[in-house]
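Each chain carries a letter (A, B, C, D, E and F) given by its place in the written order, and its residues are counted from 1.
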C-alpha cells in the first residue's frame, strides 16, 4: 500500500475529491497547511509596513491506497489540481506497511 | 522505527492517549483532519438546501515508535478507539529511517 | 527522496524556515499540532480545578528533499530549533518513492 | 415617521398654541404663556432627546449589520465585509449631509419636480450654536441625525446580499448614489411630503421606504453580479456556511436592540403623555413581532427539515422586525405577534425560493428586507383604518420599482465601466486577500468544506 | 422596583396632588392646576422614558448572556447555545404577554389565591393609541416592556447552566413554564403586592426575585440533567474550557452595561429631582459593586492559584452586580464596593464547591446568580433600615424553594416524558450537529483538548 | 465639558433665576415661582439624564477598547488583553472614587497647590438618598458617574499600546496611579477650574485631557517596555497581524457609538432648548468627523499602498472622533468632516512613522489618541473664536508633558522594582499562558505566521 500526500490549492479540494471518488477512492484525510514554496515571496503592506508573504494556505490530502492504484491516483490528482499557475502543489508517494480498519480490525488492503 | 498514523473519532482522543501512555508510549502528535470515507454521505439541510456532508471531523495521531512496539501500539489504538460504528477510523504504519531529539541531538530509538 | 517531519516549538518556525532557505530548501508545509511528550504533564488551574496539561502546541514541518540533502537538513533544523529546554521537538525521516509537481507534471527530484 | 418634517413642525406648533387654551381662561395672561412656554420647552427637549436616543440606537444597527454579515460570510471574505460596512456607513454619513437630506425634505417649495424629486441644491445647514426655538418642536440637527441613520440602514442591507464577490470601490460608489440620491428621492415621496404622502400611503418607520428599498437595491445588485462561483453547481444549491454563527447572533441582537430606536423614534415626538405612551406601545409591538418571527422560523424549520436552523431563526427575528415597521403603533400586541410570525414564515419559504431562482443572496437580506418589508407595508390597513390596501400596494410597488430600476442602472453602468465583480481567482482566494490584503483571522487553520 | 405597580400609581398620583399644594395658596386656582398638570405630564414622560431606556438596556442583557455563554461553551455547542438564547428571549416575550404579566400584577382583586397566586385570566391589554393619563404616572406599556425584560433575564440565567447536554425543545418548554408561570408567581409575592411585600421583604431590583430565582431553576435543571460526559472522571474535575474568552468578555461588558438599566430602571421613576438623583446614585453603586467583584476575584485567584483566572474575573464582576441588585440605592459607595467584593469572593469559592458536589454548571450561573443573589438579599438590612434580616431570610428562602421545587417538577416531567438530555453520541459529537445541524465555526480546525 | 463643576452650577442657578424674569411681571409672585421651580426641576432631571445616558455610553467604550484590542493582538495574548481591560475599568472605578474625583474637582478651596494640584483628602461623598436640590442643576452622582467614565477611558487607551509584553499586575498598578492621580491632576487644570481654565484653554470633551493624555501615558510605557520580540528584526518592521478583524471592527463601532455620549454628554446640560439643540449639533459633528476619518484612511491607503487597509480605516474613524472631541460644537458640519479627515490622514502617516522610530504601539493608540488628540486641540480656534492658538499649544504641551513625565516615572519605578516586562519565553509562548493560565481560543488550531 502507498500513502499519497498531495498539497493543492484550497479551492481545488472539491474537484479533486470528486475525481478521486470517481476512480474508486473510498477514503482520505484533509487538513490545512501553510505552504512555503516558489509561490511565496510576494510582498504585502500591513499598516504601512511592507513584508514578505512566506506562507500560502494550502490543502493537504492524505490517502492510503493499494499499490495498483498509485499511478491512477497520482494522475487524477495531478490533472484535476492543475491550473498551470505557480503554487499548484505537489504529490508525494511513500510506502505503507500496514493498515487497519479500527471498526472491524480488518487489515491491509481490506482496511482501505 | 515506525510511524503510526491513526485517524480516530475526536471524542476518543483522551482514551487513546491514556491507553498509549499506559503501554509506555512517550510522545505523539495530534491534529484535526476532515475525514472522507464510508461514514460520509449523509445529507443535512442548510437554509432549505439539502447537501451531502462529505467530510467528518476526525483526530489524527502520529507517533514514531520502535519496531518492537508496533503490534502492541496498533492493537491498543484499535481496541480503544473501536465503537463498532462506521467511521471509527484507520491505523497506518510506515517505516521511519531516522529520528532525532532536537534538544539533545540523540538519534533513533533514543530519540523517541 | 526523503520526507522530513520536524516538530518544533512554535516560535522557532521563522528561524527554522530561514535557515532551511539558506541551505537551498525550496518548499515545505507547516501545520499546528498538539504535542504530547516529556514536556507535558505540568498542572494548571482552571476555575479552581487542577488539571494536567497533556498537550502543548507545536509546529510540524514537512518537507521532501533529495537523499543527498538529508543530513544537512536534519542538522540545520536541529541546530536552529534547539533551545536546550525540554520540549524542543523531534525530527523524523522517512522514505519517499515518488514526487510530482502538479503544475508541470515534473517528477521526483525535479519536482522538489 | 408618519408625519413629514413640515407637517410635524406645524402640528407641534399648533399643539403649543392649543394646549394652554383648553385648561385656562381665555385671556392671554402672561403667566399662562409662561406655563405654555415651559411645556413647549419640555416638549422640544423631549422630542429632541427621542431623536438622539433613537438615532444612536439606529446607528448601532450599522454594527449589527456588520456583525451579522461578518458571521454569515466565509472567513476568507470577513475583513472585506467589515471594511464595506464601516465605509458604507461613513459614505452614507457624508452623502446624506452633502445632498441627501435636502433632497429628502424639500419643504414646500424646494422640489425640482413637484412631489417627485427634491432639490439637489445644497448641503444640510445646521442651526447656529445655542439656536433652536420652541416653535420648531425639536432640534433640526437631532432630526438630521436620526434620518441619516435610516439612510445608512438602507445601504447596510445591500452589503450583505452582494457579499463575497463584489469589488470594494464599485460597491462604495453604488452606496454613494443610493444614499445621496436614490433613497432620498423615494423617501421624499412619503416623508418629504411628496406624492405618496398626498395619496395617503402609510409606512410608519419604513418597511418599504427603508427595508424593501434596500432589498430592491440588493436584488438589482445580485442579479447583475451573478452568483458566487460554485453556489449553484450542476443544478444543485451548494450551501456556503458562514464563518461564525455567534457573530451572526450578536448582529441580530444588536439589530433587535437598535430597532427600538428605529420604530420608537419614528413616533417623532415624546413631549406629551400621548406620545410617550405611543412610543411605549411601539416598543412592545416591535419586540413582540421580532419574537414571533424567531419562533415561527424555529417551529417551521423544525417541522420542514427536522432541525431548527439557527440562521433562519436569526433571519426570522429580523423579518418580524421588518414586518412590523410599517405600522408598529396601531396593532394590538397579539396582532403584532401575528404580523411578525408571518414575516418569519416568509423567510423560511423565500430563502430557498430565491435559491431556486438562482439569485445568490449571501445573508438572506432580500427575504428579510424586501419580502417581509412588502408584507409589512401591505398589511398596514388591517390595524390602521386610515390606510387603504390599494394605496399601500401602489406605494410599495412604486418604491420597489423605482429603487430596483435606478439601482440596476447604476450597478449596470458600474459593471460596464470599472466592473463590479472580483476576478475569479480573487473570489476563490477570498476578497480579503485580493481587496484588503489582510486576513480576518490570520492565525486560525481553516479548511473550508463547501461541500 | 421597591414599589409594586399599584403602590407606585398611588404614590405618583399623591405627589401630583400634593406638590402644588406646598408652594401655593390654598384655593384651586386654574393656573396652579395648569402648572401642576404640566409637572405631572413631565413626570409621566420621564418615568416612561426611564422604563423604556431601562427596558432596552435590560433587553441588551439577553445578548450579553448569549455572548457570555457562547464564549464559555465548547465550540461544538456554540450554535446551539445561540439558538437557545435567542429563542428563550422570544418565548419569554410571548409568554409574559399571554399570561405572565397579569399573573405577576393581579392588582387588588385579581388573585386566584390571595397574595400567593395571581390570575391566569388574560393577556396583557395595552392602552389605546394616544392613550395614557397623567394619573397613571407612567405608560403601562413602558412598564410592561421593562418587566418583560426581567422575566426574560430569569430564563437567560438557566440557559448557561444546563448547556452542552440539554435538548433544545425540552429546554424551550421549560422556559415557557418559567416565564409564563413560575417567575410571575414568585415575583407577584413582592412586586405584585403579595405576601412578601406585605411582610416587608425588600428586593429592590431582584437579587432574589430574578437572579436567585433563575439560579434555582438552573440548579434544579443541572441536578436532573446530570453532568456532562467526562466532566467528573475518576473522581477528578475535568476542565472543559470555553471556546472564546473574548466573546465571554464581551458578554460580561454587555451585562454590566445592561445592569444600569436593570437597577437604575427599578427606581421606577425619574420625574422628580429626588428620583433622578436616586437613579444616579444607583448607577454609581451598581458600577462600584461590579468593579469590586471583578477586583476581588482577580486578587483572590492570584493568591489562591498563582494566576488571575479571567473566567472568574468575569463571573466576579457579574456576582458583584447581582449582589448589589437587592439594594443599589441605600448603601454609600464604599459599602457597595464591599458588597460587590464579597460577591466576587463567593464566586471564587463556590465554583469549585459546586464541582465538588458534582453539580455541573457550565458557565458558573449558580454561584453568580443564586449564591451572590442570596448574599445580596440577606445583606439589605445593613444599609436599609426598613428591612429586617429575618424577613429577608424568609423571603429569600421562600422564593428559592418555590422556584427550585416547581422547576424540579417541570424538568422532571419533561425528563420522564420527552426526555431532557441529548443522546450520548450527540453530546460527544456536539449539540450543534445533532440539534441544529450546523456548526458555529465550520471552517476552523479544532482540536478540543479536554484534558 | 467646557465648564467646570462650580461654573456649571453657578450658570444653571443663574438661569433658573433669570428665566422666569424675562416673560413675567416683575413681582415675585408665588405662581411665577412655581413655574420657575417646575422648569428648574425639569432642567435638573434632563441634565442628570444626559449625564446618565452619556455615562453609560462612555462606559460602553470600555467594551469597545476591549474588543478592538482583543482583535488586534495575536491570539496568544487575547485572554490577557481581556483581563487587562476589564480590570483596568474596575480599578479606575475604585480609584476615581477613592481619590480621583476630589483631586479633579477641588472646588474653590480644596487645592493643595492652587490651580495645580487638588486635594487628596477624601473619597467622593454621594448625596443622601432622595437628596439633590434644583440649585445644583444636576445630580452630583450622575456627574461623578459621567466623569468616572472619562477617567477609565484614559486607562483603556494605554492598555492597547503596551499589549503583548507587559505583565499584568505592574500594568494594573500603573492604572491605579494614572486614574487616581495623574489623570485627575491634569484634568483639574481645566475641568476643575485650574490654571489652564483660567488661561482660556479650550478642550470641550477631552481631545487632550483624555485622549492625548492617555496616549502620552501609553508612549511612556511603550518606550520603557521596548518593542515586542521580533517586531523590528534586522532593521525591518515585522507585521504581527491581529487575531480577529471582526472583533476589532466591532470594537470600533462600539467606540463610535459611545462617543456620542462622550462628546454629547460633555455639553453637561440639556435642560433648555439651546442645550438640547447643541447636544444634537454635537452628535452630528461627531458622526461626521468619524465618517471622514474612516473615508480619508481608506482613500489614502488605497492610493499609497494599492489596497484599503481595514485596520487603518478603523484607526481612521477613531482618529476622526478624537480630532473633533476638543470642539464638537462650534464647527459647521463641513468643517467637522475636514477636521476628522485630517485625523484619518494623521493615522495613516504616523503609524509607520512610529514604527520607524522603533516605538512598538500594538493597536495604533498613539497615532489615534495622542497625535490626533493634539491636532484636534490645536485646531479649536478655527471654529471657536474664544480660543487662541497659543493657549491651545501651551495647554496641549503642558498636559502631554506632565502625563508623559509622570508616567515615565511610575513605569520606571515599576520597571526597576517588580519589573514591567514579561519574560522572553512567556512573551514567546503568549501572555495568556504565562499570566492567565488559559487560552482565549483553546480549541482552534493556530499557526501564527508572523512572517
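In the analysis below, a residue touches a chain if its C-beta (ideal position, glycine included) is under 8 Å from a C-beta of that chain, and two chains touch if they have at least 3 such contacts.
Since the model is a prediction, treat every value here as computed from it, not as a measurement.
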(request) Enumerate, in label order, the chains that touch chain C and chain D alike. (result) A, B, E, F
(request) With chain centres taken as the means of their Cα atoms, state the distance from chain B to chain D in Å. (result) 52
(message) Suppose each chain is reduced to the average of its Cα coordinates; what separation in Å results between chain B and chain E?
(response) 46
(message) Between chain A and chain B, what distance separates the C-alpha centroids? Give it in angstrom.
(response) 18
(request) Mind pulling the residue numbers of chain D that touch at least two other chains? (result) 31, 35, 38, 42, 49, 53, 241, 244, 250, 305, 307, 309, 311, 437-438, 441, 444-449, 451
(request) Mark out which residues of chain B touch at least two other chains, giving numbers and ranges. (result) 17, 30-32, 34, 45-46, 54-55, 94-95
(message) Per the touch rule above, enumerate the chain pairs that touch, sorted by label.
(response) A-B, A-C, A-D, A-F, B-C, B-D, B-E, C-E, C-F, D-E, D-F, E-F
(message) Quick check on the complex: what are the chain D residues that touch chain E?
(response) 20, 23-25, 29, 31-32, 35, 38-39, 42, 46, 49, 53, 57, 74-75, 241-246, 248-250, 252-254, 256-257, 260, 264, 270-274, 276-281, 283-284, 287-288, 290-292, 294-295, 298, 302, 305, 307-311, 313-314, 317, 329-330, 332-334, 337, 441, 444-449
(request) Going by the contact rule at the top, pick out the chain C residues touching chain A in the complex. (result) 1, 3, 17, 26-31, 62, 64, 94-103, 105, 111-112
(message) Going by the contact rule set out above, which residues of chain C touch chain E in the complex?
(response) 32, 34, 45-49, 51-52, 54-55
(request) In the complex, go through chain E and note every residue touching chain D. (result) 30-31, 33-35, 37-38, 41-42, 44-45, 48-49, 51-53, 55-56, 59-60, 62-63, 66-67, 70-71, 78-79, 82-83, 85-87, 89-91, 93-94, 97, 123-124, 126-127, 129-134, 139-142, 144-145, 148, 168-169, 244, 247, 250, 435-445
(message) Could you list, by residue number, the parts of chain B that touch chain A in their complex?
(response) 2, 5-8, 31-38, 54-55, 58, 60, 70, 74, 77-78, 81-95
